[in-house]
Amino acid sequence: MFYHENGLQYEVEVEEPNPQFAKMLQQAIGGAEGEMRVALQYMFQSFAVPSEMSEYKTLLMETAVEELGHIEMLATAVAKNLEGASPEAREAAREDAVIDEMMRSGQPRQALSAGMHAMPVDSNGVPFTGNYVVASGNLAADMYANVMAESTGRTLATRLYEFTDDPGMEDMLEYLIARDTMHQNQWHSVLDSFDDHLPVPASFPQEKENQDYNYTFMSTMREEREDPGQPWTTGPSHDGKSEYSYTSEQPDGGPPSVEKVIDEMYNEVN
Amino acid sequence: MFYHENGLQYEVEVEEPNPQFAKMLQQAIGGAEGEMRVALQYMFQSFAVPSEMSEYKTLLMETAVEELGHIEMLATAVAKNLEGASPEAREAAREDAVIDEMMRSGQPRQALSAGMHAMPVDSNGVPFTGNYVVASGNLAADMYANVMAESTGRTLATRLYEFTDDPGMEDMLEYLIARDTMHQNQWHSVLDSFDDHLPVPASFPQEKENQDYNYTFMSTMREEREDPGQPWTTGPSHDGKSEYSYTSEQPDGGPPSVEKVIDEMYNEVN
Amino acid sequence: MFYHENGLQYEVEVEEPNPQFAKMLQQAIGGAEGEMRVALQYMFQSFAVPSEMSEYKTLLMETAVEELGHIEMLATAVAKNLEGASPEAREAAREDAVIDEMMRSGQPRQALSAGMHAMPVDSNGVPFTGNYVVASGNLAADMYANVMAESTGRTLATRLYEFTDDPGMEDMLEYLIARDTMHQNQWHSVLDSFDDHLPVPASFPQEKENQDYNYTFMSTMREEREDPGQPWTTGPSHDGKSEYSYTSEQPDGGPPSVEKVIDEMYNEVN
Amino acid sequence: MFYHENGLQYEVEVEEPNPQFAKMLQQAIGGAEGEMRVALQYMFQSFAVPSEMSEYKTLLMETAVEELGHIEMLATAVAKNLEGASPEAREAAREDAVIDEMMRSGQPRQALSAGMHAMPVDSNGVPFTGNYVVASGNLAADMYANVMAESTGRTLATRLYEFTDDPGMEDMLEYLIARDTMHQNQWHSVLDSFDDHLPVPASFPQEKENQDYNYTFMSTMREEREDPGQPWTTGPSHDGKSEYSYTSEQPDGGPPSVEKVIDEMYNEVN
Amino acid sequence: MFYHENGLQYEVEVEEPNPQFAKMLQQAIGGAEGEMRVALQYMFQSFAVPSEMSEYKTLLMETAVEELGHIEMLATAVAKNLEGASPEAREAAREDAVIDEMMRSGQPRQALSAGMHAMPVDSNGVPFTGNYVVASGNLAADMYANVMAESTGRTLATRLYEFTDDPGMEDMLEYLIARDTMHQNQWHSVLDSFDDHLPVPASFPQEKENQDYNYTFMSTMREEREDPGQPWTTGPSHDGKSEYSYTSEQPDGGPPSVEKVIDEMYNEVN
Amino acid sequence: MFYHENGLQYEVEVEEPNPQFAKMLQQAIGGAEGEMRVALQYMFQSFAVPSEMSEYKTLLMETAVEELGHIEMLATAVAKNLEGASPEAREAAREDAVIDEMMRSGQPRQALSAGMHAMPVDSNGVPFTGNYVVASGNLAADMYANVMAESTGRTLATRLYEFTDDPGMEDMLEYLIARDTMHQNQWHSVLDSFDDHLPVPASFPQEKENQDYNYTFMSTMREEREDPGQPWTTGPSHDGKSEYSYTSEQPDGGPPSVEKVIDEMYNEVN
């Protein structure tokens, strides 16, 4: 079960409110690289870990709970960038300041639907969707999903860092980037703690694979090309189980033959 | 620019058509783990690689093109599982065979909208969405997205393998699993070809991060707990740049203070 | 069955066309608080009312039909804000006026996809979705959905009112706000016309509920807290059937135990 | 900030695992009436409450945190209904039991994408979307959204109750229904704690509304009809501020006149 | 403005209720080929027609209004297929009849969210979306969209016809198919009423096009092929303005050159 | 199977980079009228054509492959409009040029998620969805879908042409418009190559339709109106099989009667 405490995980201050930066921050809340995604992703992954592997189950849930706190920090940051304008600026709002920016800058729902607050949407205004959540039930696959989520998430945070000169926002982002550093490292450490896990899933009997094509780079250039001698066309494979090779020939399975379907589908030419 | 040849990349045969398996195969076409996702993901990543790094640009596009061919194979497999019923079975269709299964088993659009053919949807019938595509512009982040896509993709293929006893479908899946093995390996080899790339993005000056929290595991258990001595709470960090530590204390940023907004938003209690 | 008459329900005039306000108005067409939602919501609710309760069936359908007329009014308002620019302004359009605003202000599809007309999207440009429609089959639940829809809808209309100084737009909104007042009142009157309907659904035998937790406020603060004596922690419950109480203890169901799943799912660590 | 404890809020037992019921339970997780919706809705509403109204801010956040715990309970229930089959049943899985049901009954992603675990989707397999979340910034509007969410949510729970005879599932649902009773009551109590809040938003100066149409029921029947004397056509209005009246005449704003748009839109007939 | 009359446009009877057929009918309500799409499509197209072309404006709105009545008919058909089970069947519902089918056959929301009624979703359970609506502002383009909508719609209706032996359902579908015949014809007649409208938009000065490629079929087969002499590679073009020709050469624009972006995007390899 | 060659199909040059035009171009990539739609639409249609009709199967696939090359061209055009700013402009980016426009103009994800590159989204920032793809299995219906797609697509291209004065962008669009001209013509030529195909599907036995309503225009105006004598109310029908007629009477199927549903749905008033 869950608990909450009425303190932000890390302080959130804004010196110069900026409605445009509020819009950008939405990507870190409801976007594909955002905190709603990782919070729910780690939570659903934890739900699926069997009880006898409690160290992984706990690790995932603890990190999920931390990410919930990041949503709270970012929602505060959005609100402060929208609301915190100086009294003078606020008085002038009807003319051209905060509201005007909301209208011009393309996230009007923040004013119309949410009265100047954070929303579960991304920076383009598209709602968060459960599609973003990866929880495959296979821990190694999940860990790569997590490394990827933290990689794109940290890339997002560093880009946001470039869009602001506000000391408060910089301080908050330096903290969030630091946490992303930790989280990238910890998911790698989980992978390190597994025995051989490549290729994912390693539990599938690899001898059942088609053995002619599992370490061969297959070129699809229209004109045949020599093996370019790249690290992915020659030398030992990354998983150490074979050697890479190169071919310009796709196996060629012959033309796709599709029969006419039953009459009741009205699939005729006409 | 692109070209096509009227042969499948690898042959696709179905001995015992099975409408339910056709539904399952849709996940490998339009699902989050499917071929439309990787084809478009590698293509948009390739679009974003600068010309002077042509070996990466080419690698991504060649693999994208191969994945286009996998969509074609799977669409053929779906059609063969839906259409290929024996003449006797087909005659009886109105009573209870193919069409009846379409009605009962929850993917009625395959009959109603597509006349018994493949569709750009997943196995739950939900349409493919551009949300699945990750193309961040940062190659290391993209590579982790690709490893993850191939990891969940190969996990999907091995699960599909368990749902069929058809020799043709097994042969096709053994080929696709083999290609996933190659692709997982090649994306790892790309990461190996980079100098230091962790944490992603490595190009952000790491000294700007908050140095107190970038290698510290922060527990969110309600009750304080000793350092459990896991590989992610102690010892060298995965990126080799620091030592992990452990804390039960979140930094605590104080209560989130949100001011009342401007009157024109009708945000009052009432 | 339905009919139409070639007159707007209420006149729509625009004195000073404003492409940005056109964008805002889209929220009232295709947004979560918009007219497409209530028109379809009341229509599908009416479809589900049994014939012997015709006064409710009729009420819902008549209001649905009125809302169709509001879509028509708003679509006219959008077009007039996009098209009605003065001849001089229109001549200058290629340089920087109407089209330029469409490009800058974030709803480019109104120009590119609709040639300067209304679309079934919200003010962020996200398409209307059937997700917004609530038609539960339980009339009391539906009425609360309708009160909510009219509450957020009237809030939207009052906010739109703040974004315009155009006398024509003000007049149209004063009319629409008036209708929202009526509709809020009428859904409350429907609830008043029911015998005891709380908690919804009241038809579920309430003695089957867990009797220890149905009128107890359960605090989730990390640190235990005294009963704060709020109207929702003490005193008679709103439905008049019990007394509120307060606890800091969640019941605690023990750790979630999840077993390992069958092998064919490739759910191993790896 | 948030915390978690490794105990479910209330115990979750399943005597007779049932994959079909697992599918039904997904509606209570990722559906329009589900726990992800209310957890995020109360959380985003709390984010938007000004600090000086801390009793409401706290109430919303505490309830949000409780709902997070309900997601955890339901995810456990889904897993137990999918995984907990008896050893004999499990051995036979390849033939026709659990996996076969997954294939037949229309939620194949639970097997293919999640390896037999809960997912952030509804019972039709459609992913959770941020569209469901209502957080308007106006507390009265939000409360009606919450009453509605708990009304449709409790209706869902009582329907789920009818779909199971499993004692464990019945016990869990009796608890969840009890909590819905409390939550419906508490949101009503919040409304009771406000001064006059109708029509929402009450802060809009009501004299600005069009006074001819704000308490008039406007019939849209094709044929004129006498005032049917319903509680919404005659007598005092629900908000006590006026009298209902009845008309068969819509105001009639004249035909919608839309001018031809600028040439660059290629809007001609052709 | 709109009106409604309490009679279905055409009678809807069901002799043998069939929950599976109810699911299929949903495609005709909320699906890509369904009535919500055409009702809204014709309505938004009508909104965009200038007043001086009132014959088209009226035609579109009248047909939209008829389609609203078809939604009403289909919603009645869904309800009758779900509710109309004989008293005996209804008594047995808890065991295995109606409810059991809802659980098994993959549209559980119809029971859980709508209490056995029609919903604004398609037959896969995916909600209707404004994406389906085409209203381009160009009447010729819109007419092709309408012909296409009625073509796929009539195809859907004929497929539904194959899924039922119920006399009432057959009668309803024979009526709806007849209306589709009329609507296909009428949109073609609108196109016939235009002067030259091809290629759409014809109002773009065709001499501005690249004249080397506007009537040339460009083969993308990997291997060069002779002109196959099809009606689209040789002879007069369909619009009568030129002659078709054939080439195996794509123009070849040289490699796509993409420069490195500004540093602040953290787009490096790493 | 597919191939690629490292040359654009046609050259793409940008003289004056323009971030706003980059946003507009996204509509031609991931929008309802864009190249992703037609590429996938023609591809899935080709998948469904039986082998014995190879001329249609090939035509569809070749055109699909050409459209893949158009995505590549447009992605290059987006990148050049975002990245190609002059060195001086680029240096100033932090202040107000490219990045500033990204922030202001409403497509911030292009910076935040893609590092200034093309994305699979439309010009409003909404992701591409499989919903756009029409592949019905009926070739005539598909051809009208293709004519419509090319009609709205060419209309989009001509509008984009109006939004730019850049010689490179004009040259690219002149080429793409030319290809749309060819594609519109070729789909019409396919329809010409069929015997009688109207009304679609023509293979449904037309005598089964309700013969009273298949060539009758049914007015839904509230007030009865004389036959207006339009080409769709009188004279031979477009398909040449009958005569149009006119009526102001809808058939009238009597009130929709919906019975009360089984008790377990908690559908009562309350």
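Each chain gets a letter, A, B, C, D, E and F, in the order it is written, and its residues are counted from 1.
Everything below uses one rule, namely that a contact is a pair of C-beta atoms (placed from the backbone, for glycine too) under 8 Å apart; a residue touches a chain by one contact, two chains touch by 3 or more.
The chain list, named the UniProt way, goes like this: A, B, C, D, E, F = Manganese containing catalase.
Everything quoted here is computed from the prediction, not taken from an experiment.
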> Going only between touching chains, how few steps reach chain F (Manganese containing catalase) from chain E (Manganese containing catalase)?
Replying inline: 1
> To reach chain E (Manganese containing catalase) from chain D (Manganese containing catalase) by way of touching chains, what is the minimum number of steps?
Replying inline: 1
> Pick the pair with more C-beta contacts: A-E or A-F?
Replying inline: A-F
> Does the chain A (Manganese containing catalase) and chain B (Manganese containing catalase) pair touch with the same residues on each side or with different residues, judged by whether over half of the numbers are shared?
Replying inline: same
> Using each chain's Cα centroid, which is most distant from the centroid of chain D (Manganese containing catalase)?
Replying inline: F
> Using each chain's Cα centroid, which is most distant from the centroid of chain E (Manganese containing catalase)?
Replying inline: A
> What pair in B-D, D-E or A-B shares over half of its contact pairs, by residue number, with E-F?
Replying inline: A-B
>> Quick check: how many Å separate the C-alpha centres of chain B (Manganese containing catalase) and chain E (Manganese containing catalase)?
In response: 29
> Per the centroid of Cα atoms for each chain, what is the distance between chain C (Manganese containing catalase) and chain D (Manganese containing catalase), given in Å?
Replying inline: 12
> Among the residues of chain D (Manganese containing catalase), which ones contact at least 2 other chains?
Replying inline: 1-9, 32-33, 47-48, 58, 62, 65-66, 69, 72, 75-76, 79, 94, 99, 104-107, 111, 113, 115-117, 121, 124-127, 129, 131, 136-138, 140, 152, 155, 158-159, 162, 198, 200-201, 204, 220-222, 250, 252, 255-256, 258-261, 264-267
>> Applying the document's contact rule, which stretches of chain C (Manganese containing catalase) touch chain D (Manganese containing catalase) when the two form their complex?
In response: 3, 6-12, 32-33, 55, 58-59, 61-63, 65-66, 69, 72-73, 75-76, 79-80, 82-84, 90, 93-94, 98-99, 111, 115-117, 129, 131-132, 134, 136, 138, 140-141, 144-145, 147-148, 150-152, 154-155, 158, 161, 171, 174-175, 177-182, 184-186, 188-190, 192-193, 198-201, 204, 206, 208-222, 228, 230-232, 237-239, 244, 250-256, 258-262, 264-267
>> Under the stated contact criterion, what part of chain F (Manganese containing catalase) meets chain A (Manganese containing catalase) in this complex?
In response: 1-6, 47-53, 94, 99, 103-109, 111-113, 115, 121, 124-127, 137-140, 194-198, 200-204
>> Per the contact definition, I'd like the list of chain A (Manganese containing catalase) residues that touch chain E (Manganese containing catalase) in the complex.
In response: 155, 158-159, 162, 222, 264-266
>> Which residues of chain B (Manganese containing catalase) touch chain F (Manganese containing catalase) once you look at their complex with the stated criterion?
In response: 1-9, 30, 36, 40, 43-44, 47-48, 54, 58, 61-62, 64-66, 68-69, 71-72, 75-76, 79, 113-121, 127-131, 133, 135-138
> Which residues of chain C (Manganese containing catalase) touch chain A (Manganese containing catalase) in the complex?
Replying inline: 20-21, 23-24, 27, 31-33, 104-107, 122-126, 152, 155-156, 159-160, 162-163, 220-223, 250, 252, 255-261, 263, 265-270
